[in-house]
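The letters A, B and C name the chains in turn, as written, and every chain counts its residues from 1.
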Amino acid sequence: MKIVVCFKTLADYPMLTERDWRVDEQHQVDLAWVRQVYNCYDESALELALQLAHDGPDAAACETTALSIDDSRADLFLRHLYAVQYDRAVRIDCGEEVDLRFNPLAVSLLLASYIREIGGQQLVLIGSEGGMGDNRQTGFLVAERLGWPCIREVIDVVPEESRECLCVTSRREGAVLTQTVGLPLVLVIGNVLRSPYLRVPTLKEKLAGKKKQVLVLSPTDLAIAPDNLSGNDRTLVGLFRQRQDRQCVMLAGENAREKAKTLYHQYLAERLKG
Amino acid sequence: MKAAMVMHADADILLQAAELNSLLAGPADHLDSLEMWLLYHEKPPENIPRFAYPLAAIRLLQVDAPDVPEAVLHVLQQIQSNRKMDMLLFCSDGLGQELCTRLAYRLGGSSALTVERCLVVDATIAVERPVYGNNLMARIRLELRPYCLSVAKKGKGSPLEATRDTAFFETVNLPPLQIDWLKAWAIEVDEGESALAAAEIVLAVGNGVQSRENMQKMQVVADTLGAEIGASRPVVMSAWSDMNRLIGMSGHILSPRICIAAGVSGAGVFRGGIRNSRFLVAINTDKQAAIFEIADVGIVDDLFAVLFELESIVRKATAQNDAVAAQERQNGD
Amino acid sequence: MALSREAIVEQLQKIAGPEQVITDEQVLKENSHDRYRKLQSVFGIYALPLPAAVVKLTDVEQVSAVLKFLNENKINCVPRTGGSATEGGLETIVENSVVLDGSGMNRIIKIDADNMLATAQCGVNLEVLENQLRAQGFTTGHSPQSKPLAQMGGLVATRSIGQFSTLYGAIEDMVVGLEAVFPNGQITRIKNVPRRACGPDIRHVIIGNEGALCYITEVTVKMFTYQPENNLFFGYALDNMKTGFAILREIMVTGFRPSIARLYDAEDGAQHGFDQFAEGKCLLIFMTEGPKGISRATGEGIEEIVARYDECRKVNTQIIENWFNHLNWDPSKVQAERDFMRKNLNLGFTTEVSGNWSCINTIYENTIKRIREEFPHAEDLTMLGGHSSHSYQTGTNMYFVYDYNVVNCAMEEELEKYHVPLNAMIVEETLKAGGSMVHHHGIGKYRTPWTKEEHGSAYYILKALKDVFDPNGIMNTGTIYPLK
């Protein structure tokens, strides 16, 4: 089985303060100085794929690929993925001019083209959220472009007993769905409880990972003309920080008891009655 | 402009309708007709929401395998090829998002998810939706018809009223799709979910709770307050709370009467889940915590100290009220 | 005859009041250890003898009465406040120990803006004190990573140090006066004066005693003017630690006093994401503060000195400022670490040492080399590096950081297999080169095998303190002083 996990790294948003959210006239936010982290859903997807591939009895027959569309800053992460035993680390570089933040159609075209033309994988794992645009559409669109079935909000995947199929668990509104499915398949990964974090490589593995080459591809390598990427079903016309309407009243008091009293008598007693 | 709302009878359609209804405010004046396409599995629903806008038709679409989006898409594609809508509106849940995206792709239209506002600007459709981890809002113009939108979750709000007027009902019969990749499936219902979604009072607990044991203490506080417990992603991922208690952009989006957010720093994705609370109290030891930005009332203190005090005050007050009520009853006799 | 567990509890209840004496099993478990046994505690393993009780102390007279009782009956006690210790100093290794919890003595007694003195009880959380001071335009100048958790008593007892030490000094430079209770019940107060020459400085008997000599009940520290608007940040990437040490030295010796002066090696820097901006490089970080003119002049001085080293490349200061704003441990970070440890069976420790300028690079190089070559489970290491974060006129510290996967090993054996031998190699290499084996965590209970070697002939003085002040050996047995 050949598995590809498509991932994004993001600025570590909780590190940012109100004044850091400045949008320029080109609708860009300068986050170049902020440390990047794996998107949390993608991180779960990356670990899930490793477990599916390496912890089963068919480990030798599995091949794992980590794939990201990004500039060279992502290479650090891709080599880290080599260190945790990904077989291949691939980066698609579209150059600085192409803005893919709000273009999941183009992102899915690049991913699907890689899988079809070069990678040849049968199983795609992809986090449910996407990059800075939070588009939440890339996984669905990859499935459409490949013409493969797709399961969303996946929380676990294990080989089925006969090993012909996969057993996929996903969340539905108010329910948990378990499906036995064949390949090929796209899985959109949600909140994976069992193993949300990527494993930690040893020093030796890190060193080995650093020596490996990340495969860098351009759209042309995927037989995609630049025009095909600029086409989009939508156009970003504004990006802004929402004003918070509430004015928080800070309750003063000697101690917690005083504050709790004020909270109850001045604010909650009536409201609790409904 | 012709629009259709795609809804599914398995979920609470009155709530779905309330969310979709809010999206219609922008394009209302430009609508020539509005239809409802109602997907159902075994039995069509008896109650239909009463919209603020007149419905031209309600079309009932039966699907064999409601948990297989491919089967639903197949049905929607066929009806759209007959009806040729300019705009398709989808629910806020995962199915709504998936259908919206994939149908737009198949039809060559535009799509956007988690749409908070829909506007008509110079005869084109623009939407506003949260981006950058709910730290920024983007305004996006949709370029291609049909415009497919999945509304942002709003929380419970007020469900639309129901009507039993089924005069417009039209059952559409379509050939089903063969699904060969799905070998077997089972579905297990999860109880806790609806309790939190419907709660009027919510105790939203973050990482500050520190342990599973403390989480149980929070339950005592919640019980006294008559609140349901919700949790931030770190709390859920630490397994101190069940996944069905998750609050945030990928969990519950709530709008309770009162929300007490305790020990949550207030990352963008979490804030999105409680922002619509009608009254929001935040308790955190860090006075810089982002949660205070969206709170009505803030307390900088240890969450346990404050909540245990509050619990004791409320318990005493309730006991007192009960005693007074009992006394009044006795006097009445 | 030794008192039974029940009798100890009963007597303590009489002295301190029944509500102040806690015997709940979970509370006893949590009070039987500190962050040294963090992995075990995550899995609910409590291997040490549980204390007989935790006494929630309320005032100095009560502390005196409790200590007197314990001393007369030769019952071991473990003084404790915020509980963020990392070296086992809070472990109850003796059967039927009593944990003396001062966290309830949490009153800020006085903020004296005229004399720049802040007086707080032992259980005052440093962050609470600091926030109160800042609201009035002052600061303690003390900012250890544990600030959100640690309390004044423990901070003084362990000779703690903060991130701005290069300007403000460590806790021993900040403490003006103290109140402490000795095992015989004697309450001692050292008055608050700017300086005196009235015999040896007796504060140093109390500061850093790690609960092995007395119980600290009250602390008065200096206040400084808080003017963060003048803070300036500087960051430089470079290839070698040796160059970094040389630059640190030159800055200190020339007479500049930045509040932060740090040198990360590439491995440790990567933990903070610095590799994303300067992959494979060491990183020098400075923050200057104080009055505007001084802050700016210090910054200019640093820039001038660094400019003489071709190896250095300036790093975007926003990166440094952002790092600085997220440096501290708060309860949620501690929790996130616990969750990660449990799910990934991966955890990290630190060992902090110091040395003069002439030997610090030797300590760094020899230690890293020895661990790589000699540590039998090096294949399980996931991180090995360190940084220097506190510089002085005469030398600096080195903070070694190491993480490992726990492989083929019972939870109870994890420390013996990994941390203990790694810690030993660092201590041995440091002592061999002429440095000090503990820079700011305290000796605790696990670096005691080297206490005598650390002090050499001066151990005579250290031992005399114990003999005189704690003749019955009831104060935190096994801490600082090796078990007999």
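Everything below uses one rule, namely that contacts are C-beta pairs under 8 Å (C-beta built on N, C-alpha and C of every residue); 3 or more make two chains touch, one makes a residue touch a chain.
The model shown is predicted, which means the values in this text are computed figures rather than measured ones.
Visitor: Counting only chain pairs that touch, give me the topology of the graph as line, ring, star, complete or other.
Guide: Looks like everything touches everything, fully connected.
Visitor: With centres defined as the mean of C-alpha atoms, identify the chain lying farthest from chain B.
Guide: C
Visitor: Between chain A and chain C, what is the separation of their C-alpha centroids in Å?
Guide: 38
Visitor: Could you work out how far the Cα centre of chain B sits from that of chain C, in whole Å?
Guide: Here the centre of chain C sits 47 Å away from the centre of chain B.
Visitor: For chain A versus chain B, what separation do you get between their C-alpha means, in angstrom?
Guide: 22
Visitor: Could you say which residues in chain B touch two or more other chains, in rising order?
Guide: Counting only residues that touch two or more other chains, chain B contributes 237, 265, 287.
Visitor: On chain C, where are the residues touching two or more other chains?
Guide: none
Visitor: Residues of chain A that touch two or more other chains: which are they?
Guide: 196
Visitor: How about chain A: which of its residues touch chain B in the complex?
Guide: Its residues touching chain B are 10, 13-14, 16, 18, 21, 23, 29, 40-41, 101-102, 104-105, 128-129, 132-137, 140-141, 143-145, 149-150, 152-153, 155, 165, 171-182, 185, 190-191, 193, 196, 232-242, 244, 246, 248-251, 255-257, 259-261, 263-264, 267-269, 271-272, 274.
Visitor: Where on chain C does chain A make contact in their complex?
Guide: Of all residues in chain C, those touching chain A are 272-273, 275-277, 279, 316, 318-319, 322, 325-326, 340, 343-344, 346, 378-384, 403, 405.
Visitor: Please name which positions on chain B make contact with chain C in the complex.
Guide: Touch residues, chain B against chain C: 206-208, 210-211, 213, 234, 237-238, 263, 265, 285-287.
Visitor: In the complex of these two chains, what residues of chain B are touching chain A?
Guide: Residues of chain B touching chain A: 11, 67, 69-70, 93-95, 97-98, 101-102, 104-106, 109-114, 126, 129-144, 180-190, 193-194, 200-201, 225-226, 233, 236-237, 239, 243-244, 246, 249-251, 257-258, 265, 267-268, 279-282, 287, 292-302, 305-307, 309-310, 313-314, 317.
Visitor: With touch defined as at the start, can you tell me which chain A residues reach chain C in the complex?
Guide: 12, 15, 17, 32-36, 73, 76, 195-197, 199-204, 206
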